[in-house]
């Protein structure tokens, strides 16, 4: 009787299959080298001094992070709390939040409707919603810009109706950014919601009706709780990119309405403060990671609850 | 010169997972399957029969023990170097190839020239009665046809051993019965050793030359259908195959191949046995319902009781008897006189059986 | 008494049948259909208008004069557009090829196998680019390449952009391939091994042909994502490395809103829609 044991099994498997590490190696190397290393460099940069013509000087300082909250008077050396950057962060969170909520309110009925179509129609709907998902964000934002400008269609239409006699300023306002964000991210909310609702066992709704529930109650007490994974995924998919949005605030907000995204980009452009930009990029990343961790915990919990 | 076993397993153990969480799928299994026989591995799900099959095919390695094909150890060989072919439960037909390409695949992999492959494919299609379907795709075939293509694909390679992993489980009843006859015929015609895995004891009994009954990674009994059915040696085997009644008795002594048994009711009976059992041992007994009959109260009987339930089934009638003392007993009698019931509900009856119908089980 | 017909109100004919009541649709929620339709309309209206006005003869993007292909003609003859298109195609094609190959290998290593130590970590790394906000990736990549240039004098030219694109293309190619692989019957490869196919031949004759739809879908998505990228490209691109989205941006800032921009945009939209449709059709044809 021969004892083969675990060694023979692994030797066998190693010959039988190409090493997994060889297969996944290239992907890991590329992402580690050109994805993770840059992030580490950004982190390092946030602790350096800004170079005079852009770039950095290799001296350690926490000035960048201090700069975020405080302004140091160069003459008197006094430190004063400035809310400007916090305001920008707050505006970004607010805009991203409102966008997420609105997308949810509009997206849920849409996804529900799609999920309750007969299968042949369903594919068509998914296809139609998916297309805007994959088209160029810049172009789509431009399309919104066309509509809300002073000479744009909205104003043209209102003028033609006689409701107004001068074009109303929509472009370059917070509202414009909000509209842009809504338009950009609506498919990002609908698709995960649809994925969740499509798997819903409608026999549960049937059972609810059998137990005297109204349509509204069935919706609130059965459908929505069961669609929770999709709701959370959709909210995350809208909030996180929305928070770091760059194209929309630049194109639709003009130069003055800044969100985190273009504030960061500014530091690497005309403001020439790379450490500060890096610091803010990292704060943004921290917020995103927080949101993702909360998501991971909530899905873990919901898995336990729904079995 | 003794016939070498077609397939042999010696002390094979297979453990999945590590340490505490390890699952012992096979526990010290030894088995020798003869050339040209239709051998069945029978047992409930999780008993290890599929694991054993996969070890023979080469998809798993034993944790301990050896697998031999025609006397040669093959434990270190991958599946594509073993002269063994498998018919999978899900058929596993290649969806992007035609029936002909599927059947010829093994030959192609062995480097056989195209002309030879074409000939063999024709041969196989005729053998499984699917001539003319060579250009079809698997998705265009019915379940039964797919099954036969899977068979043909395996047989085309003229393996020494054919492994069949519950191949009939996806078919409906009528088709299953047809395929059972087909498989038997194929095995006879080709003379290949078939190792058949199933959980359906009826299938095992009708098709096999020999059956190995397995449970929880161990082989409990190996034998022909008659032997397994008539002379089960273990409680599980008696219970798993057909219906069985279990009784207890005490051995008064073993003499000349007969054990004198004393029943709790007081009755005594001498039962043939090949084993040596110490006096005073309590043993379990197995007794088939159809080997017993009811007698009117008053006639001499080892067991007495009351008829609790009667189930009429056309060909036979089953009586569920509540035994005096404790326990229940099932008696099945053929309706030789039509539907006329000889015994009534709640009637006090006696249960009679021949001595050689009693099986003494190992404890 | 019971057989008598019920008294009918005057003026109602007996022959009139009652309409059968609508069957109860347990899935219906009031108003949801309207919202869904409005949603769809709102999503497409701006794009439709944009495309429409690219065919406008006059310079206006809001007032229609008459149909004309002039703007497309000017786009096609514009040298700057040619340069930008060449850059876009170069970057996107190379990034797609590399990322798809790499993603295929990664998918093979992480799908349908018994969990191996480090698998979850590896899976997270592969999908990392999806989790990081684009602006952060953009500045990080910029910092990285400027460091390379400043300290080590390493500059790949347009290769910088190709590398940056490849990184974020990998997860997009990975997803459809992984999905397709998970759908595949594991026993098919066992059957091939059982029929004397070595692992390499199993891969070439069974796994790869069945995986091809997933690879094509993944490649299409990777291409779209790369071709359409703006933020990362803008921050990382050096002089002479303008891509089509960058060109559009430049035009908007130089010349303002013009139908020429609409025309280029329409072309880009068409390419995206074509590739998404391709990916969709291939993806839905499961288990051929």
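As written, the chain order gives the labels A, B and C, with residue 1 at the start of each chain.
Following the convention adopted for this analysis, contacts are C-beta pairs under 8 Å (C-beta built on N, C-alpha and C of every residue); 3 or more make two chains touch, one makes a residue touch a chain.
From a predicted model like this one, the values you see are computed outputs, not experimental measurements.
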- prompt: Where centres are the averaged C-alpha coordinates, which chain has the largest centre distance to subunit A?
  reply: B
Central subunit by CA centre of mass proxy: C
Message: Quick check: which two chains are joined by the most contacting C-beta pairs?
response: A-C
Query: Taking each chain's centre as the mean of its CA atoms, how far is subunit A from subunit C in angstrom?
result: 17
Statement: Chain-centre distance (mean CA atoms) for subunit B and subunit C, in whole Å, is 54
Task: Averaging only over C-alpha atoms, locate the centres of subunit A and subunit B and give their separation in whole Å.
output: 59
Query: Of all residues in subunit A, which are in touch with two or more distinct other chains?
result: 16
Field: Residue list for subunit B, restricted to those that touch at least two other chains
entry: 78
Task: For subunit C, jot down the residues that touch at least 2 other chains.
output: none
Task: Enumerate the contact residues on subunit C facing subunit A in the complex.
output: 26-33, 35-36, 39-40, 42-44, 46-47, 49-50, 53, 60-63, 101-103, 105-106, 108-110, 113, 116, 119, 122, 125-126, 128-129, 131-144, 146-147, 150, 163-164, 166-168, 170, 174, 199, 221, 224-225, 228, 230-231, 235, 245, 248-249, 252, 257, 261, 265, 268-269, 272-273, 275-277, 280, 284
In the complex, subunit C residues that touch subunit B: 185, 187-188, 190-198, 201, 206, 209-210, 287-288
Message: Going by the contact rule set out above, which residues of subunit A touch subunit C in the complex?
response: 16-18, 20-21, 23-28, 30-32, 34-39, 41-42, 45, 55, 106-107, 109-110, 112-114, 116, 123, 127-132, 134-140, 142-147, 149, 151-153, 156, 183, 186-187, 190, 202, 205-206, 209, 215, 219, 240-241, 243-244, 246-247, 251, 260-261, 264-265, 268, 274, 277-278, 281, 284-285, 288, 292
Task: Report the residues of subunit B in contact with subunit C in the complex, numbered from low to high.
output: 57-59, 78-81, 84-86, 88, 90, 92-96, 105-106, 109-110, 139, 153-154, 157
